[in-house]
Amino acid sequence: MATVKLMTDQEAEAIPAVKAVFDEIRAARKSDFINNFWRGLAHDPAQLARIWGQIKAIMGAPGALDPLTRELIYIAVSTANGCSYCIHSHTAAARAKGMTGAQHAELVAIIGLAGQTNHLATALQIPVDPEFQVK
Amino acid sequence: MATVKLMTDQEAEAIPAVKAVFDEIRAARKSDFINNFWRGLAHDPAQLARIWGQIKAIMGAPGALDPLTRELIYIAVSTANGCSYCIHSHTAAARAKGMTGAQHAELVAIIGLAGQTNHLATALQIPVDPEFQVK
Amino acid sequence: MATVKLMTDQEAEAIPAVKAVFDEIRAARKSDFINNFWRGLAHDPAQLARIWGQIKAIMGAPGALDPLTRELIYIAVSTANGCSYCIHSHTAAARAKGMTGAQHAELVAIIGLAGQTNHLATALQIPVDPEFQVK
Amino acid sequence: MATVKLMTDQEAEAIPAVKAVFDEIRAARKSDFINNFWRGLAHDPAQLARIWGQIKAIMGAPGALDPLTRELIYIAVSTANGCSYCIHSHTAAARAKGMTGAQHAELVAIIGLAGQTNHLATALQIPVDPEFQVK
Amino acid sequence: MATVKLMTDQEAEAIPAVKAVFDEIRAARKSDFINNFWRGLAHDPAQLARIWGQIKAIMGAPGALDPLTRELIYIAVSTANGCSYCIHSHTAAARAKGMTGAQHAELVAIIGLAGQTNHLATALQIPVDPEFQVK
Amino acid sequence: MATVKLMTDQEAEAIPAVKAVFDEIRAARKSDFINNFWRGLAHDPAQLARIWGQIKAIMGAPGALDPLTRELIYIAVSTANGCSYCIHSHTAAARAKGMTGAQHAELVAIIGLAGQTNHLATALQIPVDPEFQVK
């Protein structure tokens, strides 16, 4: 159960600032489906617009990383942070962008290995090598 | 400061199981440089071999994800886990594999955005949409 | 499902050290409701008393921060730690202490922004400015 | 050491999009001091503007929570996330906004107590009480 | 719900590399029960073998720590990482290896106390005493 | 650098509630050394007493787990939480209580393995097996 009520389409229709973002999400995704994350955020229309604006700019605009790689990075962060909702939503998004079963398996293996070596380096408090300094 | 002594080359030479892994790392990387992580792990030669074996298999073998993408995922996990050593070593590794400044900037922006939406979804305890179920 | 059995009122009545804490909680809250957290802790009566004692001293005694601000801080930590139970119980407690929808929305936005800039500062490994040193 | 070079004032002057944000920060804070966080972000001017825009909107605009309470929440999240830079910068910011030693001590005690009960609720996997459901 | 399908026994039987690991797990545990973790990993047979190989080597081989102590450490890490699945599976494993209710209660109390002092030391950014340096 | 001043012995002598705890710590440890953690906490004498009281009760009293095992659990939590100070202080404490190099190596390997499988179970969102339910 959520700590806020999830906004229904009927409620969203009545708040122009929310309706505007929901309309944009539907247009961008060419789908009528609005997932729960946006319905939870919608009680704060300014925040809803800020988050959607960033998603468009960081995940949607052309750039130096392809759209699938961006989703893999998103899943990696969400896993390390233990955000169940985000793992589900971005794994689904990655699949929609073409992630194969083999790519998912490699992603998961890298996440697990990083989790392991992160813990090892932290337990041993390994000092950073001066060779890693950015030039 | 580390919680173990970092093994010197002279000490490593005297332990065949450690020398074998250090030799492999040097050959694989075509460099004489052994970074501190391995020098901290070397007191447990079996663990040293296990971790190096996984690095080879998961980060080094041909597969469905290219080597740079793998490093980006590694940096993402290490950042969310707050492993300073790992962030430095894998950012250096990504640069060595061709990561550009623009790619790094996008990676960092995605990590930050995921950090934000992870916290939002968790604070609001958003329930997973049934639409995300794997088929 | 919990990793321990949740203690029922009937069981609690039979253990004086547990009954004493449950009675105190009920009196302090002017409510008969004992939430599951205390029922899980009750198998270790000394720990139950230690935790309740701290809650009284840190959350309940008059001091430099008002009761609602204390709950907002509690929700913030619980969110960053991903403790679903604690997010729910302290969001309910904050509402009981007068938290409005607008205050909750601002709290959630700050938590999200902090999550984002925490990840950015960590990914970039920004060194602490000497200006921040406590005087 | 950072994973990017920290941008100097001389470099920032030469990039209009960076100069514009640095100028705004200086005006808003009535101080010439630009802390390292912004110097690290400046290599991605669009991201620099996005983050500063959110700081202004979420931390700086009038609202339902006072400016000091916002900083306390920021410190709480940053501590749970282990972001050393952010703990230092926002503790300094809270002091600049009037945080007393007594308020800081209470904040730290609440953060510690939340850390403890978060771990207890998680170790025991306490199920959320239906009474906490948002109405 | 999982982000991958959990492999059934019938499917596992048809993949020799999976069947081999499942057979080993059953033999090692003297039980026909294969828990969901392995059924989720099984889609990547090489990873399944790597993880099982480590479990055998690190958790199962004779060494300097007894089997129950190893499980207590595993629960401690899993709690701090908020891994609900792992907390459940390793608490069950610890009970199967003889963990008493009193030992579980002490474990949980230590985990909670460490959670608290971790947050305190981080909030206060306490510098490491030179006396703790490894000799 | 800390976010509070570390209290000197001279300052502590002048505050009876602090002096009392410092004296107790010195007596319990049969050593004049007071580590920085206590010097940071000392500005809040009530909190200093609460934390020291818990350390005595949970780490120092006879019970179902031996003193070294308690320290290993403490290190495990502190590592997963990334608390550098706590990793150093409790690794030193464990060594003082007899932890051998072999025990430390096993501890670190278990912490690393748990880190890895925590990340795998979370990435795959493995559902808890009903067999793990506490009876």
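Note that the chains are named A, B, C, D, E and F in the order they appear, and that numbering of residues resets to 1 at the start of each chain.
The criterion applied here is as follows: contacts are C-beta pairs under 8 Å (C-beta built on N, C-alpha and C of every residue); 3 or more make two chains touch, one makes a residue touch a chain.
The model shown is predicted, which means the values in this text are computed figures rather than measured ones.
Ranking A-B and A-C by contacting C-beta pairs places A-B first. Of all chains, the one whose mean C-alpha position sits at the greatest distance from that of chain B is C.
Overlaying chain B onto chain C using CA atoms gives a rotation of 180 degrees, to the nearest 5.
Of all residue numbers seen at the chain D-chain E contact, over half occur in both copies; the interface is built from largely matching residues. Centroid distances built from C-alpha atoms place A farthest away from chain F. Averaged Cα coordinates give chain A a centre that lies 34 Å from the centre of chain F.
Mean C-alpha positions place chain A and chain E at a centre distance of 27 Å. Rounded to a whole number, the gap between the C-alpha centres of chain C and chain D is 21 angstrom.
Multi-chain contact residues, meaning those touching two or more other chains, occur in chain F at positions 1-4, 51, 54, 77, 79-84, 87-88, 91, 105, 107-109, 111-120, 122-125, 128, 132, 134. Interface residues of chain F facing chain A in the complex, by the touch rule stated above, are 75, 79-80, 82, 84, 87-88, 107-108, 111-120, 122-125.
Interface residues of chain D, counted against chain F in their complex, comprise 82, 87-88, 91, 101, 104-105, 108-109, 112, 119.
Across the complex, chain B is touched by residues 1-5, 46, 50, 54, 57, 128, 132-134 of chain E. Interface of chain E with chain F (complex): residues 1-4, 6, 33, 35-37, 40-41, 51, 54-55, 58-59, 63-65, 69-70, 72-74, 76-81, 83-86, 88-89, 91-92, 100, 102-103, 105-107, 109-111, 113-129, 131-132, 134. Put simply, chain A touches chain C in their complex at residues 1, 3-4, 43-44, 47, 51, 77, 81-83.
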